[in-house]
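Shared between the two complexes below is chain A, which pairs with chain B and chain C, respectively.
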Partner chain A sequence: MWTSEKRTYENVLQDFKDRFNGNPRAQKLVKDWNRIVLLDSTDTGSKFGLVVKDQVMVEVRPMCDFDEEADGVVHLQAEEDVLQEIFAGRYNPATALVDGALAVYSPDRDKVKLEALAMVIWRLG
Partner chain B sequence: MKGAKELFFYVTVSCGMTLATSVFTMISGLFEITTGPGALVGIALAGFFCLIIALSIGELASMYPSAPAVRTYLKTAFGDRASLLLVYLYLISVVLVAGLESFIFSQVFHAAFPAATALPTIVILLCAITAVNLVGLELPRSVQMIATVGVVLFIAISGSLGFLSPRIPLTGQIGPVTPELLRSLPAAAGLAVFLYMGFEWVTPVGLRPSSYHWKVPISMAISVGVLIITFGVFVLGAASQLPRHIISSTPVPQVGYLTAIYGPTGVYLALALALAATVSTFNAGIMGGSRLIYLLAREGHFPEWCASLSLRTGAPVAAVLLLSSLALVSAIAVMAWGAALLVAVIGAAIICVLYAAFLLSALVLRKRRPDAPRPYRNRLWSPLQWFGVIALPLLGLQTLISEPSLGTRPVYGGALALILAALLTRVYGVPRPAGPGDKAPVPATQSFS
Partner chain C sequence: MGHFLNLDGLALNKSQGKWKRTAEAVVREVLRPNADRVDRSAVFPQENIKALSDAGLLGLLVDKEYGGPGESILTAVVVTEAISKGCAATGMAYHMHQTTIPVMCAMATPEQAEAYVAPIARDQLFGAFAMSEPGSGNKIWHMDSFAEPNGDGFVIDSFKSFCTSSGYVDYYLVPVRSARGVAAHDMSLFFIRGDDPNIKCIGDWDGMGLRGNSSRPVHFDHCQVPGAQRLGNPNEGFGYMMAFALPIYLCGMAAVYIGVAQAAYEAAVEHVKTRIHSDTNRSLAHLETVQRLVAEMRIAIDTVRFTTIRIAQHADNAMVLFSEFKQAGLLDEVIRDNPDDPFFIEVASLKPAACEMAIMVTNKALQVCGGAGYKRGHVVERCYRDGRAGSVMGPSDDTVKLVIGTQILGLDQPWT
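After this line comes the complex of A and B, so read on.
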């Protein structure tokens, strides 16, 4: 059963998906970058996957289970509040990483790619 | 990658980050101030301190997994301004060491190809490293692991060969324990900390949350243990093959040593060693340093133009170019003034201070955030950590006045680095006004376990 809070968080993610798909620069940035960006909340336990395929964010889907070993998973872990702020464009992911509020488990290039996406989509910096 | 293989990967990353070509310059510096056995004791003492630091950083890494260690740990413990001073000092040491590393590579290359002069080699090397970083190329994990294992085994085996067939009896170098020998040990330990510089760069590399429960934290301690043995065996080998004054008279003692062991082929083996270090350590150093500059710029603590990213490759273009340019300037300065050892000594002193700050931050956060989740909690006796906090900066200071051939220049150099860091803190210590995406920092107390 969804609580209203969870619905808000999911709405933020859906809104992010629309922004992503409506931004040609973001799409250019993810050329040949097929990934599942896993959003893992440490406090609520919610898990969502942002599925990027062929330069399109094809879906935002709840993920009950996932394979940590799978290729192409970029794992983001933070409190749900923090993730919501990041994907609403109110908290720069680079700052969140430095603050220790966000953990990203991925190769360095994927971390930079996420940062670049934030810059393009939210016109940060 | 799971279990033992994953742990092995972290150990190789941690070891690989320390195995720069300039470690041999520091070994030369050690032989200038003490004998072979003295150098061995210095390496062991520095290794002991680094083990304490590694376990303390391990705890911090489990609190803030995947975070940029030098920025996050110091910021959360000491606040923005004090930590920035240390971060700028760290960046200065990165620039100095990058210049030193380029110069040392050019000297090894010159030994293999005498017609090659230093400046073109340095320029070509830095251009190649810059290009690799701009394109965003990364070595596959398996190649990184094999390269590091190869380098560690090669250094250890080469050291063993020299030690087992000595030309100079080691026993002859162990004289009476004189006050002079004892006086040289603190400086030797301070200098030897340089040999371990960078082992903590494994902290952002964890593949998954559970990696920070013990694998990443413990990998640093294992890595330091491996390095104590590797450098120790090499020093024993060198002291058994070459007179002390020969080792201390060159910034590339490994060339002479490997030639003594393997004959003329030794020069090319030294070059292969330098190439392996350049491909892994130096490249990763430029990559990590430029990421740090980029992050600081994003926070408003560095010029804004350093925060540009390539949308095609995702590389922090301006930061890479800035760091490479500064490394070139540093390398030219090292070359023009013959300042290899001077730069290494200043770098060692800075690292001693920074490692003390890491220890202190672990202690401060234990007090300030006692209930914050720590999937890995070190079992160190806290007075031992406090001893490190006090002793390491003193060792760093001692290091600055340790090399008779350098006179007071390291002291002036160290003071200059501190003044520069303070200036940067004054100019960029106040973050730019909040803009889109700049939410107020939240206390980082959540669990990542």
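After this line comes the complex of A and C, so read on.
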């Protein structure tokens, strides 16, 4: 568990950005993988983009009117509480996927990358 | 309620179905007719291996980029079960050959792939994995022998206690410590040609079961191995074995024993349906005790088979993930820092599940067949002996359970 106190969803995502950028294994995994990971809440309608560029998560950006089918977008969809649990480190996204709590819409190669990131960030820390 | 048939994960794809039928044809035409002779004579079934080669089955797991069909662990499981149902000794030899392939594909340089992997894809090479050593018994993550640098290559002096197919292969895959004095699991993997004059197979294999698979000791007696035959960098062998050999090893092992159990079960069902007692003028199938035993066998086999298929799919996915870590240069550290990954526990659980199931099923099959099944030469009698091997084969079921138990209880794994 990375964040125990009650934080807003956006704060949780900002904390996650710092955690991601402080993880050398995660940075190795995203070499040549410039993507926007779109976090799409099915209940509240919130949309945030985690922007990965040149091995760094450069920003957490609120998104609106975004084409989730666009190239370079990895589309994650879940209820906001689930997304918050995931990015607070309390729920491994690989487990959430198996549980049916999270849906991923992306090319197969990006799904492999997400699984690998889940292993090094959520499991190994 | 759905309105269409969802066959995801329920049906084999066309390619898998083709390989399954290919294996079944080889079993029907060659392996099953040879099985009793192989068992009685305890002679390695070279004719069977040639038939598998002729059918294109030796290269099943070789990646497409090296000229193979690039089939999955799931396909290997289906094929291995079919082969083992016809002849368990051949099935185990085939399985150990298969276990060498994914790790070679993952580790080989382009030159090594051309020299060692591409010929497997052409069904020209048959191999063995020489792992267990006397000092560590069935704990295959611990090697005592080591590679000694010698000019451009290495001297390998390694005694392996049990090696399936020893003396009958074109190559051995041999894990040893990367150098004198390094930790037991700081391994390197070597490709050693089967015709190396310093390979000494010790005695004849005279086992209780799996009598044809030549699982005798083999001594790599100061083999001079060129540096080009070491796969990967020093100390990388353990991580690659965990990632690319262990999944196929454990899934395939389960498949072998599902095949053995299925053969015994089918023979028992056939027996009780055709054996008529004159006092009742009814077949044994009418006895409630028999009906119950037959049902218990079927339930046990199906439960392990479906679990094996599901975990084989997980294993295929895991290998994709491990390949991702390999490409990022993270494989070794991810494996070493993650000894209690749930995947390893899941795949490890297959071995005792399948091996204990095979012991139970073959025992019940013998019970329902009575004296007929006890006689030398009956399929059930052979399966009873073949089925006993898995539980003691390394890592033994007891060792596997210790690994699983330590993970559940949050204790350190023995290789950490």
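Please note the rule applied: the second predicted complex is superposed on the first by the 115 of 125 C-alpha atoms of A that agree within 3 Å, B and C clash if a C-alpha of one lies under 4 Å from a C-alpha of the other, contacts with A are read in each partner's own complex, and residues count from 1 in each chain.
Here is the rule we use: contacts are C-beta pairs under 8 Å (C-beta built on N, C-alpha and C of every residue); 3 or more make two chains touch, one makes a residue touch a chain.
No experiment lies behind these values; they were computed from the predicted model shown.
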Task: Superposed partners chain B and chain C on chain A - clash or fit - done: clash
TODO: Using the superposition on chain A described above, determine whether A:36 touches chain B (first), chain C (second), both, or neither.
DONE: neither
Open item on the list: Comparing chain B against chain C, which has contacts with more of the residues in chain A?
Closed with: B
- [ ] Examine A:121 and indicate which partner it touches, taking first as chain B and second as chain C; both and neither are also allowed.
- [x] neither
- [ ] Applying the touch criterion given at the start, work out whether A:78 contacts chain B, chain C, both or neither, answering first, second, both or neither.
- [x] first
Open item on the list: For A:113, using the defined touch cut-off, is the partner it touches chain B, chain C, both, or neither? Pick first, second, both or neither.
Closed with: both
TODO: Name the contact category of A:28: first (chain B only), second (chain C only), both, or neither.
DONE: both
- [ ] Take the contacts of chain A with chain B and those with chain C, and give the residues found in both.
- [x] 25, 28-29, 112-113, 115-116, 119-120, 123-124
Task: Interfacial residue positions of chain A with respect to chain C in the complex - done: 25, 28-29, 31, 112-113, 115-116, 119-120, 123-124
Task: Contact footprint of chain B on chain A as seen in their complex - done: 25, 28-29, 40, 42-43, 68-69, 75, 77-79, 81-82, 85, 89-92, 94-95, 97-101, 103-105, 107-109, 112-113, 115-116, 118-120, 122-125
- [ ] State the interface residues of chain B toward chain A in the complex, per the touch definition above.
- [x] 1-2, 63-68, 71-72, 75-76, 136, 138, 204, 206-209, 211, 287, 291, 295, 298-299, 304, 307, 309, 311, 314-316, 435-439, 441-442, 444, 446-449
TODO: Please give the residue numbers of chain C that touch chain A in the complex, ascending.
DONE: 317, 320-321, 324-325, 328-330, 333-334, 337-338, 341
